[in-house]
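Please find one structure pasted underneath; my questions will follow.
Letters A, B, C and D mark the chains as written, and numbering starts fresh at 1 in each.
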Amino acid sequence: MKLATMFQVGLPYLVLTGGLLVVMIGVAIKRTHAVAAVLTIATLIATTLSHIVAFSALGDGAVQITPLFKVDGVAYLFNILFLLAALVVAFFGSEFLSRRVRFKEEFYLLLLCATLGSLVLPAAVHFASLILGVEIVGISLYAMIAYPEKARPPLEAGLKYLVLSGVGSTALLFGMAMIYAGSGSMEFANSLPSDGSIEGQYFYLIGNAFFWSGIAFKLSLVPFHIWTPDVYHGAPSIVTGFLATVSKGAVFAVVFRYAIEGNVLDSGNVQFALSIIACVSMVIGNLLALLQTNLKRLLAYSSIAHMGYLLIALLLVESNSALGYETVILYLVGYFLMTLAAFGVISVLSMNQEQELDSIDSVSGLLWRQPIAGAVLIISAISLAGIPLTIGFFAKYYLFYAGIDGGMWTLIGALVVGSAIGIYYYLRIVFTAIKRPSDDAEAMTGLPWTGLGILAFLGLCMLAFGIYPTNLIDLIQNVVQASGF
Amino acid sequence: MHLLWAIPALPLAGFLILFLTEGRLPRSVVSSIGAGSVGLAALLTGYVAWQFTSSDSSEFVSSSWTWMIVGEFNVSFRLWVDALSLVMVSVITGVGFLIHWYATGYMSEEEGYSRFFCYMNLFVFAMLILVMGDNLLLLFLGWEGVGLCSYLLIGFFHKVPEFGYAARKAFVVTRVGDTFLIIALFLIFKQVGSLQIQEGLTFARESMPDPATINTIICLLLLGGAVGKSAQVPLQTWLPDAMAGPTPVSALIHAATMVTAGVYLIARMQDFFMLSQTAMLCVAAVGLVTLFIASFTALVQSDIKRVLAYSTMSQIGYMFFALGVGAWSAGLFHLMTHAFFKALLFLASGSVILAMHHEQNMFKMGGLWKKLPIPFIAMLVGSAALVALPLTSGFFSKDAILLTAWKNSPYAILFWTVAVIAAFLTSLYTVRMMVLTFFGKPQSEMHELKKESLWHPSRIRTVVPFGLLAVLSIAGGWMGFEFTSDLFGDKGVHAEFHFDPIALLTLGIPFAGVVVGYFLFASDLVDRRKIIKNRLSDLLSKFWHSGWGFDWLYDTLVVKPFRFIAQTRTNRNDIVDLFFKLIKFLASLFHHILSMFQTGHVRWYAFTMVGGLLLVFLAVVWI
Amino acid sequence: MSVMLLILLLLGAGVVAWVSERVNTTLPNWIALITFVATTLWVLVIWFNGPDTDGLYANLNREWIPRFGIDLHLRVDALSLMLIGLTTFLGIVAVVSSWTETKTRHGFFQFNILWVMAGVIGVFSAFDLFLFFFFWEVMLIPMYFLIAIWGHEDKEYASMKFFLFTQISGLLMLVAIVALVWINYNISGVLTFDYDVLKEANLDIATARLLMLGFFIAFITKLPSVPVHTWLPDAHTQAPTAGSVILAGILLKTGAYGIIRFVVPMFNEASKEFWVWGMSLGVISILYGGYLAYSQTDFKRLVAYSSIAHMGFILVGVYSFSKLGTQGAIITMIAHGFSTAALFMMAGAIQERLHTREMSKMGGLWVRAPRMGAVTMFFVVASVGMPGLGNFIGEFLVLIGAFQKSVVLTVFAAIGIVVAAVYGLSLMQRSFQGVPNPDVPKMHDFAFREMSVMVLLMIALVWVGIYPQSLLQMTAPLLSELLRPTL
Amino acid sequence: MTTALSIPLEHVFFLAIILFLIGAFGVLIRRNIIFMLLSLEIMMNACGLAFVAAGARWAEPDGQIMFMFILALAAAEVAVALGLVVQLARRFETLDIDRAEELNG
């Protein structure tokens, strides 16, 4: 492995880290919001673009950088996805900060840190890099969640997340330790118990139990979902957007890698446990959202369900890892768009408010009071419900296809039930948004145009991919195949 | 080139014109279109009839476009006329025209004049299709069409709710019969593979499987249909209420033409019925029972039109009876004569009612004969024919039926006796009607007659139909039923009239009836009050008056239960929906239960996480 | 190709109508009206040009998502053409019927109407199962908007119910479609959603049964048939007039179309075993629907339940597996489209004038508005099944076809005819006949706008009634293909 | 590989698990945020111990390396945590975590 290619392949990480340092120093020298924002956005764009170089260097197959990282096309796809999401967050964030917060600049540092962490994960093939990435994301998120000063909810959310995710991380770590004890290696590739000793098997299983519990917490799967609504609710909705998309997506990327490389699902017990977790997550998540009147909490619960859906793709890796990867990537693309759009709408609407407008009534008649935001909210709700003309439909279609391909009929049943319940509350959002606005409801003016513009862009993407997803699907398929799955 | 197609086309044209102009035409035009179209049709019928008799072909056909072809199922709009249908056509157009003519006078004061003739023309059209259609589906079209028109015309005065109910009752009750008929159609198609009447008859003659239980079923279903339309037991209850319609309607639809459709149907499907003794017996029995019941009922009615309605029922009973005992031609003959004199009776009663400001209760009339001479004479002639006094048309037809019954029916004595008793009763109630209406002293003082309505200007309009119908009621029978007998070739049973006790008895019965009737109702020799005081007769009269309680029966058995189930709020919105409501309820219940866990206490959250950890641990390690 | 243009035209016109709202509030109505008239004429032209050699009026097959062998495959045969014609024609009716009804957002209203129609046409012409499902779901969204925005007092509940029922049943169908494709892929190695290919997939009977159920449930929910009919009355009652017209006139037909086009030909053996259930469901719908129709006091609700009864005939006809039955079902679809559309338009007109649907608050309207009375009478009589009008042809063919299959069920279905008379006439009497209700405000009779449409509908019904052959001969060649080896 | 003096692996893991549970128990029962954080530290150390033991089983240094990681990680986490605790004291005027329960339902 020539050092040059290694540098080229690792270029995105270097760029991002470099940008991070620059911003940090910049902030240290002189606090200027505009500069920080521009630098951050530039960094993110640069990192995204650097993938072009990286791709060309990568060619087919994968490049192993130290035992810790293995970079391949799929990882890059995830990276780009996360970076774009971070970009959107940065844009919204700049608006949000400039209007709502006194000390703005550190936010960008945290954001870049978190992004870096999330970029680490898709390429991680080693427990060390895994915990590294997870914790980088996690710790920067604690701060981001509790970022606004003086307000109580963000702080409460931050603390809750800190304590609980601390517990989660310890479970994760403990699990790793046990697995290591069982298998004798912390690389995913050979993390199966090497010597046939009984205790080895036991260590391995116990380890997996802890490990997956930790992961389930990060992905907010039942029964580790319970923190989700409070944190989503308390955090500034733009941070919530980041938390809901990037952090989850990154964790998913890494456990996917682990499941494939480490053949975890060979052990029927783990598969069984995961299937159960998936089923209950789909059903309970949706049930919890059913009559929820707070938009952010509602989306939190629905995210529980969506993560449950995604487990179907994870469970497929045994039989058909390529399809599994396609599914998870396309689904994440869709899910990122919808979720960012939804939280984006909330944050854009709340720009000029003291409290965030997160109750469902606050969007009543939105389509008529603020057409763009309203339309985008409706589109994303429809997309989350998985109804055609939006990418959400293709995401759901992929799930069905994957489920049938894996013959997981129970999961499909749960998926049907879940989506059935889901339609109800997503549609409630739509109905509220198209209501005839009450007379005292004033038309919303003075909203930032950048924000609305990004919203419109997200909405258009959802529609475009919902009508002609062919190119996206082909791209994903090619990359996945090129990466040798 | 015969103009068969034009006969129904004319009334149809009339209907369309009146329908599309939405009653914007002046009344004179309306009446000339309404009555004129039918009149032309009548003339045309005469012409076609002349062609028919002069030509040696036994059927006229006029084809038009295909209705539908699906696989082997093939029907088209094809008119097919033989002697039988021709008789019907003549009756429909002829009597129809006279009644239309009369109606131009009768309805002249009513609103919705144009609407009335619109419906009437539509009716004539449908009726013609019924008798001229060459396949059963076309017949069914006419069949339903006349039903619809009867509904529309009974409820013509749509402001009076009772009339609306009467109309609905008529439609629904006949619909029940129609359902039998349509099922019969299905069965015939299944058997014959076609709905062509002639093919069906050929099939019945030649290749009907033996034993023909299927055939019997078919016949009984057809009978069901006929019973519905012709107001025979057990579906007779709608006819008396149908008298709610304007009198010309009662005359045309509920006396002369539509109600006899059932007779035509059975006559038309003769070859099927010939094969099945059971069916024939049923036909006869139905006729007889109706005849019997209706006559008694007519005896105690107070509403003049209801009397006539029940008498119509009983006369049609005669026709069914005739068909049942195989006196096909006699039955048809009676159909024809009955059309004449019953139409006459209705029209006359109509003028009386009109003159009495729509008072129909006979007990409030009386002594009208010198005030209304022309209706009186008309009524007299009609009654004479009804009670079948010799040399009136009714005499020839009814006599023929009775004789055949005696000669030819399975249970000759029984059948004949019942029929004769009924004949006796017929004379009784007819006399009663005449006496109460025209003789005796005026019963109520509201007797200043609306002369203009009767004498001027509608005089000529009213008188001419009276005259013509009266002539027909007398002379209609002289041609003898040989006229109709060749309709059925040798299949019909003929009974020549020659003197023997039976014949004399049949001859005498009507007179006896008249005499007894005179003593009962007119003279003072018998004290009527004593009879009525008697509790038994009181009970009987109540029972009879209610039409032997059929209405009550159906009301309690069918209508009330249906209403009850339907109207109770319990199921206004759909039991089935409860199931889905239950699902909704359960979902929200679970939602609330689950939401209880979201207390917001970190330590509780941590606790659930540890619990979850244990669960997963168990799932992975010990399962 | 022409179909795609048709759909695009409707979509485009929708957008234009929406925008044109800014210019003038009646402009959208005109745009929509013109569009529908134009499309109707277009369809007529295609109609009279006649099919090509293999019986198609239009055919378009492009790749859409090659990854899964999904094609943009639109094809119009006789059946599709008829229904497309019905769609565009009822489009005119819908626009006219709610010409003055909408008080707000005329543009968006017409936009939705046009888009529903586009979706429906897609459903009727899609020959790729994925595409079919796509349109199947797409057409719901604008319909949902129509009910949810312009609906009456209880619109949230009604629209939600409508959407949930159709969506959830749709999910089942999606599972069935994907499973079918996947199985076919494993058997034949070809990954495709194409109708013609999948029709030939040789499934083992057990699988076929399950998959058929997936489709069947979705379709009878849309039809709707007992026991999944309960969304219909609410949706109808709450929808604006145009919504009801489209819903009853066309959307229900998509369910029937689905059964005829997909369930029966694709899962032939399975459906043949299934006939008893199919027919029984139909009969139950006929009787139960009729009985409930009678017990309603709300004009629209009554008509809604009556269309449940009529749709029952379609089930009976299709599951009789006879040419007669199928033809009958097809004719019923067309005729019921006309008659019910008219009745709902009437209901809307009455509500617009009296601001109520309660028949107890009506009565004696004939005196106030004789034209409306006559028109209502005509269509009530039609839906009661009067020979010479379209509905009778359909029901008669259905029954005579079913009679060959099962006498008992047919007899019960025939009882439905009597029930129809009962509720039909009671509707007539309760609303239009009887003493004029004193506290009913003066109402103006039908003017040219409404009357012209009504006359068109009447002509259509009479035409179907006395010359159904013109339709029958079009679909006759399809029957063998639809019924597969039967007969 | 194990010398006569070495401690059996199971014992160590039991110790680790016990530590882990003690920590978890602490998180569950203590209201005071500071003590909760302490308990978290204990859990982390339990993980570290487990890693070391696992490394010992394979006679590799990886275990100890991971322990270093964990220490660093804990340090970072506590750094942020204490900041938040200060804020908690400011905005809620308490260290009782149960007072922070405004977000629920």
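Annotations for the structure displayed:
Convention: a contact is a pair of C-beta atoms (placed from the backbone, for glycine too) under 8 Å apart; a residue touches a chain by one contact, two chains touch by 3 or more.
Here the structure is a predicted model, which means the values were calculated and not measured.
Comparing chain pairs A-B and A-D by the number of C-beta pairs in contact, the larger count belongs to A-D. Ranked by distance of CA centroids from chain C, the top chain is D.
Here the CA centre of chain A is 78 Å from the CA centre of chain B. Distance between chain centres (mean CA atoms), chain C to chain D: 65 Å. One finds 26 Å separating the Cα centroids of chain A and chain D.
Chain A and chain C have centres, each the mean of its CA atoms, that are 43 Å apart. Multi-chain contact residues of chain B (touching two or more other chains): 595, 598, 600, 602, 606, 610. Of all residues in chain D, those that touch two or more other chains are 24, 27, 36, 97, 100-105. Among all residues of chain A, those that touch two or more other chains are 159-160, 163, 167, 229-230.
Checking each pair of chains for touch leaves A-B, A-C, A-D, B-C, B-D. Residues of chain A touching chain C in their complex: 382, 385, 387-389, 393, 397, 400-401, 404-405, 412, 416, 419-420, 423-424, 427-428, 430-431, 434, 436, 468-470, 473-474, 477. Chain B makes touch with chain D in their complex at residues 595, 598-603, 606-607, 610. Interface residues of chain D, counted against chain A in their complex, comprise 9-10, 13, 16, 20, 23-24, 27, 33, 36-37, 40, 43-44, 46-47, 50-51, 53-55, 57-58, 60, 62-63, 65-66, 69-70, 73, 76-77, 80-81, 83-85, 87-88, 91-92, 97, 100-105. Put simply, chain D touches chain B in their complex at residues 24, 27-29, 31, 36, 97-98, 100-105. Per the touch definition, chain A reaches chain D in the complex via residues 127-128, 131-132, 135, 139, 142-143, 146, 150, 152-153, 155-160, 162-163, 166-167, 169-170, 173-174, 176-178, 180-181, 184, 186, 199, 203, 229-230, 233-234, 294, 297.
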